[in-house]
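Heads up, the next two complexes both have chain A, just with different partners, chain B and then chain C.
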Partner chain A sequence: MAGSALRRLMAEYKQLTLNPPEGIIAGPKNEENFFEWEALIIGPEGTCFEGGVFPAKLTFPPDYPLSPPKMQFTCDMFHPNIYSDGRVCISILHAPGDDPMGYESSAERWSPVQSVEKILLSVVSMLAEPNDESGANVDAAKMWRENREEFSRIAENLVRKTLGIPQLLG
Partner chain B sequence: MGDVGQSTANTSNKEMTSNQDELILAQQRQIEKEISESIPLVGELEPVTSLSSEYSGDDIYLAKVNDLAAKYSSMRRTRPDGNCFFRAFTYATLERLLGNKEEFNSFYKLAENSKNVLVELGFQQFTLEDFYDTYMDVLKRLADIDNVDDARRELHTVFNEQGYSDYMVVYLRLLTSAQLQKEKDFYSCFIEGERTVADFCHQEVEPMYKDSDHIHIMAACSALNTGVRVLYMDRGTGNIVTQHDLPEGCTPTVHLLYRPSHYDILYV
Partner chain C sequence: MRFLGISFVSFLLTALVVANAYYQKKQFYPSVVYITKSNPSMAVIYIQAFIGVWIMGKLMRKIFFGQLRSTEFEHLMERSWYAITETCLAFTVFRDDFTPKFVALFTLLLFLKSFHWLAEDRVDYMERSPVISWLFHIRVLSLLLLLGALDMHFIAHAYQSTVTKGASVQLVFGFEYAVLITVVINIGIKYALHSVDLNSETPWDNKAVFLLYTELVMGLIKVILYVAFVAIMVRIYTLPLFAFRPMYYTIRNFKKAFSDVILSRRAIHNMNTLYPDATPEELAAADNVCIICREEMVTASKKLPCNHIFHTSCLRSWFQRQQTCPTCRLNILRTPAPPTNNNIPGAQVPPQNAAQNQFLNMFAAAGRPNPFHLFNQPPAAGVNAAPRQPPNAAGAQPQAPEQPQPAGTAQPGQGPNNHVPPNFMPPFGFPTFPFPMPFMAPPPMPPANLTTLSEEELRNLEGNERQHIEARIQCLRNIQTLLDASVQMMQQYSVAASIATASTNRPPQSEANLANNSTTSPNSANPRPSTSATETTANSQNDMNGAGVSNSEDEAAKVATSSKSSLMVAEERDSGETGVPSTSNGNSTLSPEEVIRRRRLQRFLQQEQEQH
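Presenting the complex of A and B:
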């Protein structure tokens, strides 16, 4: 089983290296272990996360791609769909029926023909358009709904932090 | 950064609850997994009457087991992991084909060509490759064995090796999805709600461990060009198991027993 997972992960790595989607870099941490990846996601243009370079890690199960990987940002994040410990909570990371957040039925789910690339593209859209219905971070969801200005200020400081630029003051 | 620090430290109760929900869900999954893994992926042949022991004292079911035993001699149980229809159907189809070289060869040709059909439908090639290769590898291994009994033993071994068995299931799920999408005008009538056929495939057909319905069976039959008879055994009135042929009016070559949310293989 792990042999098939490894073969698939190598194919995905090759695919991502040959045709990298805009704003995304991802690959195994080291060549010894293909089941732990690091990713860098550039905050999408025209959003409050614009220009940030957000590091995350992906952890793949031994039966990948039958089951989805887990994804966790390793930098500070403040976003309705990211837990305070950085874990990403979006529908594509869950199999159907396995959704503690009660995603809408039309949302994209994990299946063996999804890919790392599809996950990362979904995460980029999630940064651009938070889903405040599924509150992995309830405070962030509330602020996104009720005080967009403050949300943007926090997001901009997170961007600055990833770039090592001094913070804006409140 | 002060703001972010504060909000993370100030983890609200609701967030704790959703973390808790996830933990409970994970534990539930674990328990289900342990139960299901105690049952082989595809079992040995056993007499249909062995079902009686599951229903002692239950007159409705016992009458139906008797009726079933009058029509079928034996059965193979499959693991109840949500993949049972796909696993049972592929196993039973191949098991029958092993007795007929000519039919096996035309099945093989159809399978060989199927990857192109999937790619044309928009599946990304690198996501298909391993499933297709495993499927063809198994078919080839079976084709290379001349003695039918040896080939059937090999089939049984392969279907009880999780890696091979699950990849066979995935590939049949993809072929079923492709069939649904190719004939989406027809199948859209069977899908409730606002979902398109493609959405339905992504959510209900392609993911592993998702249970199968009538619509999955119709499409899978059509994809493998095989007719199936399903015998329904439930708490409904009467002493007789009802049967249904898919596609309607076909001469069924695969026989499956359905008990609420589970399929096993039947033998005449």
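Presenting the complex of A and C:
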């Protein structure tokens, strides 16, 4: 038998392939290495990220699912909960014990009950509703709070960029 | 490509140097002497030697590893830099014996070290790769044998040298290769464990434990080696700065392995003593997928106090990190083992049943005096109507139909005490929430008799997805409806009481009963009934009900006014419709009661319509 982490990742991959959730595509980069995944997230409808297709990579630790994977967008992102290098900052991706922002309760941290699907769905809802209390990107958090129009314009441009459409000006 | 260019240039330079020397001296021996005497020539030869080692390394890597994965390469680079700086530090200690041979020995050491690291990474990768070919096994085995043999050879050499010639640089090499041989042994054990696991049909649960102990023992040996080395070096030479970083990491790893072993042992101990094995029935009852590994649970599963079931081995590895239930985050160390039987049935009645019970209890107590016998029939009807209303709640709380005291069987007027559990306790979880915020109420308590529930029902009970929360909110709304109904009834009751007061002198006593009853369950955050009672009676019971009123004074005041107004309306109607509100004795109270009952039913229906 292969390692338990590998078996679980295979099971999750199978599950995601058989019942893909709406707006999410995810799978290993190659079938040789199940610990590096690629994901495509479609911006949720009715938000400023609507229509965008955002690529991201997921890196799983050897002791998955006991430790959480890491997620990083591989395209440009401007969002209060995404670092400027694309790393995603949501509480379920943090192992109980480490708390980069110092506000999360352990109830919303990583646990083996979580899965790739739940992470990606959380990220989709994070795109729709940024949490400006945890400023992974302080500029974005500030703009989200104070200048929503500008934020929407930047988001719109990001969406256009992922789709290869010319940018809005102004 | 760049490497090809560099090696080509290097070869060219070497050829030039050799050709030049041979051209000048014409003979082999003088030309060798010429090259060794000339510094530029020696530099070229050194570079050539370095390139040669590099090429050798590439060749060995191709043979034993094939293509390196990117993480392996990063690892190698990171470790090489540390190793090179430490080697340079070591040179400072042994600057007296700084010779080409010495440099060559250190280069060889680095060279072999890098292969140890690569082998370690490769074997760790075994557990994570879906396909392990025969080539992989052959490569790893031959590499381990080769590295082991080389390490042994160098240890023996260093030992011989130290014994015959006294302490020298060979001490460092002997010690370095001794550490490397522990690494080889460690990799070998890991490889064996992984291979056994790979070839078995079922997952090998104890592998993690074996790995832990291997790590611990090897860590201990390494720590002893480092400490001995530093002690010897301090005595003979000086403080070996270059050994401090690896020593620090070794000690840290050992400490981690040690605490891992302790945590693991504790987790195993807890599981074996505190938590029962899941029975086959329990496994069969639910969808028996272990949420940690997402595989079916057939055997070797444990049930936690919160009734969640997991593989024993999955739980063990999780408990090493955290002592909580993976599903509900219940802290398992603070929670005693689950009760074997239902010890407090009254307390575990789910809220809506508790609400009904209390409801009945109240009216049952009120119903003791005879004149209210008829008046008490409607409450039963009202309660019977209630279950019709919350179908959602019944869906979310599948245990509801199985409760021993369904509302319908309770006939308040006939035997008030029959349907009230003898050890009736104020149901916790239900009371003390102010009405505008039903969300603040804790989730429903599980029913007393969990064994009657299937695993799936239990899972539904504890779910925290949207539908469950919706169902809970719905359930709380239903409770609110029930309470509103009870307020209505209390109003009617007070009307009747006032009528009765006019006609007979027994009702006040019954009111006292009622008031007493409502205070016997002080938790009942049921401010509406108590306030209406206070309003109507407005006497000595005031202070007794005070606690209930003070819960939320605004709310109470609001309710009080509303109940007052509706009371007035009721009285008006009473006088208008029946004409003679209070004539004389028991017989005549029948008709107003009948009227009240109808009106109450009407209002109740109206309310139900509003609800929909």
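In this section, the second predicted complex is superposed on the first by the 164 of 170 C-alpha atoms of A that agree within 3 Å, B and C clash if a C-alpha of one lies under 4 Å from a C-alpha of the other, contacts with A are read in each partner's own complex, and residues count from 1 in each chain.
Everything that follows uses one rule, which is that a residue touches a chain if its C-beta (ideal position, glycine included) is under 8 Å from a C-beta of that chain, and two chains touch if they have at least 3 such contacts.
Here the structure is a predicted model, which means the values were calculated and not measured.
S.K.: Clash or fit: chain B against chain C, after overlaying the two structures on chain A?
M.R.: Because the two structures are overlaid on the shared chain, the partners are seen to clash.
S.K.: Which partner reaches more residues of chain A, chain B or chain C?
M.R.: B
S.K.: Thinking of the overlay built on chain A, is A:25 touched by chain B (first), by chain C (second), by both, or by neither?
M.R.: neither
S.K.: Contact-wise, after the overlay, does A:62 reach chain B, chain C, both or neither (first, second, both, neither)?
M.R.: Only chain C is touched by A:62; chain B is not.
S.K.: Going by the contact rule set out at the top, does A:128 touch chain B (first), chain C (second), both, or neither?
M.R.: Once the two structures are laid over each other on A, A:128 reaches no partner at all.
S.K.: On the A-aligned overlay, A:33 touches which partner chain: chain B = first, chain C = second, or both, or neither?
M.R.: Touch partner of A:33: chain C, not chain B.
S.K.: Which partner does A:78 reach: the first (chain B), the second (chain C), both, or neither?
M.R.: Once the two structures are laid over each other on A, A:78 reaches chain B alone.
S.K.: When the two structures are overlaid on chain A, which partner does A:4 contact: first (chain B), second (chain C), both, or neither?
M.R.: Touch status of A:4: both partners.
S.K.: Could you tell me if A:113 is touching chain B, chain C, both of them or neither one (first, second, both, neither)?
M.R.: Touch status of A:113: both partners.
S.K.: Touch check for A:53: first (chain B), second (chain C), both, or neither?
M.R.: neither
S.K.: If we overlay the two complexes on their shared chain A, which of chain B and chain C does A:136 touch? Say first, second, both or neither.
M.R.: Only chain B is touched by A:136; chain C is not.
S.K.: Could you tell me which stretches of chain A are touched by chain B in one complex and by chain C in the other?
M.R.: The overlap between the chain B and chain C interfaces on chain A comprises residues 1, 3-4, 7-8, 11-12, 15, 63, 65-66, 95-96, 106, 111-113, 115.
S.K.: Quick check on the complex: what are the chain B residues that touch chain A?
M.R.: By the definition above, chain B touches chain A via 1-4, 7-8, 10-12, 14-15, 18-19, 21-22, 25, 29, 123-124, 126-131, 134, 162-163, 166-167, 170, 174, 193-195, 199, 202-204, 206-210.
S.K.: If you look only at chain A, which of its residues touch chain B in the complex?
M.R.: Residues in contact with chain B: 1, 3-4, 7-8, 11-12, 15, 63, 65-67, 76, 78, 83-84, 95-98, 100-101, 105-106, 108-115, 135-140, 150, 153-154, 157-158, 161, 167, 170.
S.K.: List the residues on chain C that touch chain A in their complex, please.
M.R.: 69, 124, 126-131, 197-198, 200-204, 291-295, 314, 317-318, 321-322, 324, 326-327, 329
S.K.: If you look only at chain A, which of its residues touch chain C in the complex?
M.R.: 1-8, 10-12, 15, 31-35, 62-63, 65-66, 95-96, 106-107, 111-113, 115
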